[in-house]
C-alpha cells in the first residue's frame, strides 16, 4: 500500500504541475483584469489543435510547443481588441458573459475545422523510467519540469522586468498607474495575450498525454477553476501550490476510495478552504 | 438593469400583460401538437431562467450553477411520485423542497463570497452534484435516469388524466403563473426593493440598515426554489429525468436566455427562452453547424451594446419616449 | 484541412413533392394529419449529429438516407414512397427528447430510427410508447431491450452481452483469466464491465479490481497505478470513442501493456487504428459487424459492397471522398432498421398508424436472410424482448490496422430473455 | 453618564499597519448639539466616522451610543439604532429613481423593511414620508428620474435625504459641501440648519468650509494626526494659535 501511495503522490505532483501551467493563464488574466475567463478551456483546446496540426505539418514536436503559444497570443489579442477591451469599465459580470460567448464561438469553430473525432499526437518521449510499482512515463516528468520552469520564469518576469513591474502596478491601482505614465491599455492587452498563450502552451503540452478532441476543454476548465479559486484569484504562487495540493489529495484518496469520490473529496477540500478563508489561500482580502 | 419604479398604472403595460395572458390561455387549442409541446417546454425553461434572473438580474450575483436546483427539483418530483405517494402536488412540493433545502445550505456559504468567487464556486458545486448523480447509479439511474408513470391530477374534487397534453399544458402554465406572481409581488415588497438595492450599491444598503448577507440568502433561496419548481415540471412533461440535468450546459442556457431576454425584468427570461428555444428548434436543422457561433456573437453583442437585453432595452426606449412626450417633462 | 461536412443538407425530404401538404397541415394546425393510403411512409431519423457521438450520427444518417433512396428506386414499400426526415439529438437527452417529439408530432413520422446514444434510447422509450410509434434503437446498452424497453422498442443490433460473450470465446484461449475492470461512470461503461464479468467468472476468470472514473477524466494514471503489471492479464475498458484511446495510450506509457491486453466494448467509430500508436497492438474490440471488406464472409460480400457503395465507403472502411475513417462495422444498423420496417409493413399489410399492433406482431420472431437489405448477415428477432441475434465480430489492432480475430455465430450468443413484451397490449 | 449625552467615545484608537489613524480620541455630543470636526486632510476625520458607523473596527477604545456599547456591532445594526451617516464621495443608488432611493431609507425608518407580502407602494405612511422629504429637499419633481441623472449638487442633497429618511437620532455629515458652488453651499447649510432645529436633533459635521461651520455648529473638535488637538465653542477654537498653525502654516 505504501508503494501505491508514493506513486499516487508522485503522479499528483507531476499532473499538479501540468494543471498549474494550464491554470496560470486563468489566474493571470483574473489577477490583472478582474476577468473570470470562462473561455479559458476553449483556448486550451485550440492550443492542442494547433499543436496537432503543427506536429502533423512540421513533424517536430518541439516546434509545436513554440507555435501554439504564439498563435494563441495572437488569438488572445484579437479577442481582447474585439470584445474584452470594451468591457473593462463595466461590472465584472459582463466579462464572464462575454467570455462565455467566446467559448461558444471557439469550440464550434474547432468542431467545424478540426472535426469531432479525437486524434492523438505520438508520445514525443516514448520512454518510461522504472519506478516503484511499475514504470512512469518520462514525457510526463518532462512536462512537470517544463511547467515548473515556465511558472518560475513567469514569476521572475513579474518581479524584475519593466513590463512585469507595470503589470503589478496596474494591478494595485489602476488610476495611479495611469497617472504615472504606464500605458495601461497596452499592459492589459499584453496580459490577456500572455494568459491566452499560457493556455495554448498548456494545451500543446497535455495533447500527447490525453488526445486532441474538441470537447477536451470542458473537464480541464472545471479543474482549473477549482485550483484558481482555492489558491485565491490572482495569486501565481497560490495557483502552483493549490494545484499540487489538490492533485495529490485526489491521487492519494483515489488509492482508498472510488475515483468519483476521490474527485468529490478534492472539490470538498476547496469548499472547506473557501469556507475558512473566503478569499482563498493566498488571496488578499 | 432596468430602472425601477416606472409607474405601475401605465395602461400600455397592463394591456400587454392581459394580451399575453389571453394568448397563453387560448394557445393549446390553436396550436398543433408539436408547437404546443414546444410552448410548454418554453414555459418550463422560462420559469427556470426566472429563477436565475432573481439572483442575477435583481440581486446582481451571477450564479453559474443553476442546473443544481433544476436537477434536484426534477429528482425531488420523481422520488416523491415513484417511492412516496403518486400525487402530482406532492411531487411538485417535494421538488421545491429539495431545491429550497439545498439552496439554504449552499446559500449560507456562497453568499459570503465576492462576485468572482461566487461565480466559480457555484459552477463547482453543480459539477459535484453532476458527478454524484452519475455515480449514485442505483438511486438516480445516472445518464439513463428514471422513467415514471404520471398519476392522475387531483384538483379538489375533479380528477384529470395527465395523458392529455392540454391538461399538462394548463397545469404547467398555472404553476408558472403562480410562481411568477409570487416573485413579482416579492420584488414589489419592501424586502424585494432592498434586495435590488444590493445590486445597485451594497455598501450603502448596509449603511442605511439592511442586513445584506441575510437578504442575499433570501434571494438565493427564492432563486433556487423557483428553479427547483421548474425542474419539477420537467418530469411532469417528459415523464423521465436523468443525471444529465445537473450538467453545467443547462446553467449556461439559463444565463443565455435571461441576458438575451432582458435581465432584471422578470418577463425577460420568458421572452429569451421563447426566442432562443424556438430558434434553436427551427433553425438548427439547416444551420446546425453555425448556430452555436451565432449564439456566441449574439450574447457578446447584447451584453456590450444592449446590456438590458431585448425587453430591458424596449422598456427603456418606451420610458424615454414617454418621458420626452410628457408636457414640459424634464427628460 | 479537417473533414468535409457531409454533402447532403441535414433536413432533406427524399420525396419533396408532399412537403407542401405536410407543412400546410402543420402550420394551420389541422386537428389530425388526415392522410390517405397513398401518402408516403414517413421514417424519422434521430441522429447524434453534433456533440461527442458526432461520427456515429453522421454515418448513421448517411446509411438511412441511402437505404431510403434505394427503397424508393425499387418502387418504395408496397408501391408507396418512403419519406425520411432527420433531426439532430446533439448527443444530449433533453434535445433528443424534444427532437423525438418533433419527428412524431410535427413531421408525423410513423417509424423512428434511433440514435446510438444509450441515454437517449432509454429516455425515448416511454414517449414512443405513448405515441404508439415503433422505434429502432441503435445503442448497445443492455437495458434498452430489458427493463427500460417496451413493446414499441426494437433493436436490430447485438448488445454488449453478445459482444462480451464473443470476446470471451475468441480471447479466452489465447490469454489468461485474471482481469481488472476500469470503466466510465455512465450506464454504457458499467454494462460493458458487468457483461464481461458474467462471461469470465463461470470459466474461472478472476476479477482483480473494479473502478469507475468520473466522466471527462483526462489523466488515468491515478487509477492505472493500482494495477500490478504482472498479476493482471486483461484490462477491461468500459469507455467509448476518445476515452478508450486515452486509456490505451496512457496504459502503454505506464509500461502496463508488455503482456497485458486491453478489451474495448465497441469499435471506436471514426478513430483510425494508427491513432493508438504502439499501444494498439494490445487492444481488442468486440465489433457488431465487419470493418474491412476482407473481413466479410464470402456469401455476404456482394451485399456488403452494395451497402458500402450506397454510403460512399471504400473496401478499407474509409470515406471514399475524404479518406476519413468510417464505421461500416457499426453504421449498418440504421440501414438494416429501414429494411426491418419494410419487412414489417409487407408482412403485416400495415397501412397507417392504426395497424401498428399488426406491424409489431409481424416483426416479433421474424427471421431474415442476408441480402441487400441485411448486409451484416442473417438475423432472428426474438419476440419476448425484441432483441436481434446475429454474428458478432472480434477485432484486434495489429500494425496500425484492425485485424479480424474471429466471428462468433449467433447460435453461440443466445441467452434467455428476462422480459416478455408480448404480454403488453398494443 | 448623565442621560443627555447622545454619543461618547473613550480612548478610541485604530492602526493600519503601523500608522496610528486614530490615537485615543475622546469625543462627546449631547442632546440637541451640532458639533463640527475639522482638521487637515488625513487627520482621521473620515476614519473616525467609519469607526462610529461600524465600517471599521477600532484597535481599542469604545463607542457608546445612547448608553449602549456599539463598538462591535455591524453597520446595519448601528444604523437601525438611529445612527446614520452620509459619504464624502456621493454613494447613492444610481439606477434607482430618486423616489426609490429615499423610500429604501424610509422603509427602515418605519421598521417594515422585512415585510415581503404587502406591496411597497400600498403603505401610504411610508409614501407620505418620502414625498414630504422630497418636497423638503426640493427634489419632488425629479422623483421619477434615475438618481444617476441628477446634477452633482442634487446628488449631494439626495445623499443627505437618504441619511435622514431612516429617522436617525444622530446624523453624521461627511463634508456636505464637498464639490458644491458657493450658492449651493449656502442653500445646503441653510437647509441643514433648519433640519437640525426640526427633525434631526443631533448632527456631527466634518467640514473644511469655516463659514458652514460657524453657521451650523455650536462647538468644534480639531483632529490632527488622529489626536484631538483641542475642542470648544467655535469662537474660542477659531483664534487658537495651534489651530491656525496647522491650517495656515507657521504664523510669521
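The letters A, B, C and D name the chains in turn, as written, and every chain counts its residues from 1.
Operating definition for what follows: contacts are C-beta pairs under 8 Å (C-beta built on N, C-alpha and C of every residue); 3 or more make two chains touch, one makes a residue touch a chain.
The structure presented is a predicted model; accordingly, all values stated were derived computationally and were not measured.
The minimum number of touch steps linking chain A to chain B comes to 1.
Of all chains shown, the one whose average CA position lies nearest the global CA mean is B.
Distance between chain centres (mean CA atoms), chain A to chain D: 48 Å. One finds 37 Å separating the Cα centroids of chain B and chain C. Inter-chain spacing, taken between the CA centroids of chain B and chain D, is 42 Å. Among all residues of chain A, those that touch two or more other chains are 111-112, 222, 258, 260, 263. Residue positions of chain D touching 2 or more other chains: there are none. Multi-chain contact residues, meaning those touching two or more other chains, occur in chain B at positions 131, 134-135, 289. Every pair of chains in contact is given here: A-B, A-C, B-C, B-D. Considering their complex, residues 4, 7-8, 11-12, 15, 53, 111-120, 122-123, 126, 128, 133-137, 139-140, 206, 209-211, 213, 215-216, 218-220, 222, 250-251, 254-255, 258-260, 262-263 of chain A touch chain C. Those residues of chain B whose C-beta lies close enough to touch chain D in the complex are 1, 3-8, 185-186, 188-194, 196-197, 200-201, 203-212, 330. Residues 56, 60, 62, 64, 109, 112-117, 119-121, 123-125, 127-128, 131-132, 134-135, 248, 252, 255-256, 259, 289-290, 292-293, 295-300, 303-304, 307 of chain B are the ones touching chain A in the complex. Residue ranges on chain C touching chain A, taken from their complex, read 1-3, 5, 50-52, 54-55, 185, 211-219, 221-223, 225-229, 241-242, 245-246, 249-250, 253-256, 270-272, 275-278, 324-325. Residues 30-35, 37-38, 41, 130-131, 134-135, 137, 142-145, 147, 163, 238-240, 242, 244-245, 249-250, 281, 284-286, 288-289 of chain B are the ones touching chain C in the complex.
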